[in-house]
């Protein structure tokens, strides 16, 4: 296994760059303003760099090479035409502050993508300023809080969040200075309406929900929940992480949601990039449009331009978000078109239910009944191994493991989301591997306890990593 | 069944207090160390700092969890157990011998608000 | 059939049989019929790849790439060819966050290298795996200070980029943090104003270097009084200048943050860029976002893992200091490759080139007698000129000639009428700068 850090292949005197010779004379920086400490950066050739990072890449696993059944992450294929479009020099080379007349194409992308997302979600307009889902959540909650403040309703600072929610939900509330009220779920994993009624009062700004929820179940009482919340003077926020289940089938705006975010890197096929960049556009109903973060893209007198307004919550980003990511989502939407969007949710849900039926005799199903785009198991039916062990053993079979230990409603959560792009053959192969592992857990559990065996590196000591943090190269020396 | 010592007082949030005259040693229980898993970090605040009963004074972290430390009693921190700060894993080995802070109590009546071993054992199965 | 949907009719039938339902719609029975979208979606028709290429050619054709003398937070920098070739590798581009370290060592290692390089550039001890951009990085630094000191007021210099200030204002407003502004004089932070405002409510002080006006701030003698006041000293910096400028570490800063866009990332109409954060060892547990650490596996081999995760949102939930989950990872890789290629000598060479170019341009523009320098302070790659001609009209005129001129400061601050913020990075050659000067003089004649 290649095991060098870039610093470890450095040799003084080597260079990896070519810069033009300048005809401008050298101006010197005043001595007292200059750096005095050394700069220990690598000195390597271009080939060194290419080999180093190519070898690093070979220690990874991408969606292009195999199935990635991560629940809640929607790891669907990232079409290459999207990347090609995002590489256009007339997108890449634009300065964000250049005059609107010279950036009409970029503004058109933002405006038209907003229109398409509005049509698909039932909300009025989207801002692409937030850089990621969590950022979209915080932005959406800011809109919620500001909505009440502008109505002079100063008491509303609490957000109701189900206990099944993703950690970013309550964290986003805290980022906005709001308090979280946790509402418990029923055994079906859905919102307990009786318990919800108990916490409703005039301090509740709104509720954050994902639908289907993090257990993959549709909140069938959603219309009643929205009605309750609106009657209480509160707003409904939709966490778009699970939008893939509904795409082309049902719209959050029609369920009573007032504000939502979308994860373009989930539902709209933009690449995960090993952890980003994503994009977390925020959408709102018509009466909240003025609160969207500054600036907004508007179309007036046949021209697109950027507009800031005083009712907005303010700016949440230096410029306008991850533009090149939005270009990819736009391309994907134009590729799907009205003829194909209807297939996304349907095939995603078909795939997840097929996996559910095929594995339910080997992995415990805590919630019976049809799931949506993802299925949650609660560990093995038989055998002496944990969900962690199963996940590690799956790597020996060449798969990236599903999501583990989330949602926290079950002790041995294993959440599988196949997405609509995977074929029946891929699912059958995966199912076969999971069944083999279940059998191994009964016959030879140590195989799981010590897994993975065939990866380039085995289980890592994360206790040691946390006790004595080594987080930069010089910490080794 | 998690281990509970007879001669200590307990808070519902799984901290223990050992009273010695006007001082109290404070740590976390066996139940707490077991739920956290391998402890990697302890923050007990600073000598001279004040603590209030049932309020946060520090934190303890494992790889997969983080927990605020709530003080069972009010007072002033007179000593921090440096050995535990340097080797947080010692709490996993013996959570009762390895105290985190020593305080001078400001209100001994507060001891009445704590649980005895038998009552705590019911919570910490 | 569509190329993104593999299910044949036969597949669907077999799968429905296995599930035990008659049709796919049966799997959506629990959705109230009133919210099942019945009518067709009002979206454009699907385009084939050829049609997409044509359509995007039309759209991108409405954009104009210009020769840039505009900075103000986004800079025309050199992007080595190798970077795209490597970042477009599927193992980097299409992989997930490295929560399963055994099959993510590539991602974890480059993040470790990024953290190392950011520490090296800033002169500080610890760094995280990236945040969204320079503005939100500064907001996160503000929260670090508030939580660490348990105080609720932030001082921020008026010489910080207004776009960064806008983001700070938004975050401060919602989290009830009090903001107080430090005066600027002659396009520079006023030290006396800063020191006068230090009180026992101040959690931290934010300055930017070089500041919004391109001025290299003199921050000597600030660390001691800020620390004596038990506040944190936060510097927003341009990492491409740190190869030659005094570092935040040497200046006594506690936190350095900023945007890594100047490390080879194209301007891309505002994003994706990459925010970075570095801090002193004492603050490592306050850092938001992911941090990668080194460790060993069962066989004793060196490997990397996400560490100190107990700080993060998925564990701390409502007690988390930050909600960040996805970051700008691939852009961090972009900058790691850039910093590796340029390395020790290249980073300094690029910085010096930008510095020299800006000074050459400034001198040449002043020589036209249409401008004079707005301040006498040292500057890096941007500078403010007071213009004797109308800046709005000048910029419009230059625009027709394919030049993206400096920022019209009067448009963002009425007190700065007819002042212009020019920028010259390493990408501007002498010919382009001479051409700008000629065209500017040409404007004088046209009027």
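When the chains are written out, they are named A, B and C in that same order, and each has its own residue count from 1.
One rule holds in what follows: contacts are C-beta pairs under 8 Å (C-beta built on N, C-alpha and C of every residue); 3 or more make two chains touch, one makes a residue touch a chain.
In this text, all values refer to a predicted model and were calculated from it rather than measured experimentally.
Engineer: Would you identify the chain whose Cα-based centre sits farthest away from the centre of subunit B?
Structural biologist: Farthest chain from subunit B, going by C-alpha centroids: C.
Engineer: Does A-C or B-C have more contacting C-beta pairs?
Structural biologist: A-C
Engineer: When the C-alpha atoms of subunit A and subunit B are each averaged to a single point, how far apart are the two points in Å?
Structural biologist: Their C-alpha centroids are separated by 38 Å.
Engineer: Can you give the whole-Å distance between the Cα centres of subunit A and subunit C?
Structural biologist: Measuring from centre to centre gives 20 Å for this pair.
Engineer: Compute the distance, rounded to whole Å, between the mean C-alpha positions of subunit B and subunit C.
Structural biologist: A distance of 43 Å separates the two centres.
Engineer: What parts of subunit A, by residue number, touch at least two of the other chains?
Structural biologist: Counting only residues that touch two or more other chains, subunit A contributes 462, 466.
Engineer: Can you list the residues of subunit B that touch 2 or more other chains?
Structural biologist: Only 40-41, 61-63 qualify.
Engineer: Please output the residue numbers of subunit C that touch at least 2 other chains, ranges allowed.
Structural biologist: In subunit C, residues 309-310, 315-316, 319 touch at least two other chains, as defined above.
Engineer: In the complex, go through subunit C and note every residue touching subunit B.
Structural biologist: Checking each residue of subunit C against subunit B gives 285, 309-311, 315-316, 319.
Engineer: Which subunit B residues qualify as touching subunit A in the complex?
Structural biologist: Going by the criterion above, the answer is residues 38, 40-41, 61-63, 88-89.
Engineer: Which stretch or stretches of subunit A touch subunit B in the complex?
Structural biologist: Touching subunit B: residues 462-463, 466-467 of subunit A.
Engineer: Subunit C touches which residues of subunit B in the complex?
Structural biologist: Residues 40-41, 43, 61-66, 68 of subunit B touch subunit C in their complex.
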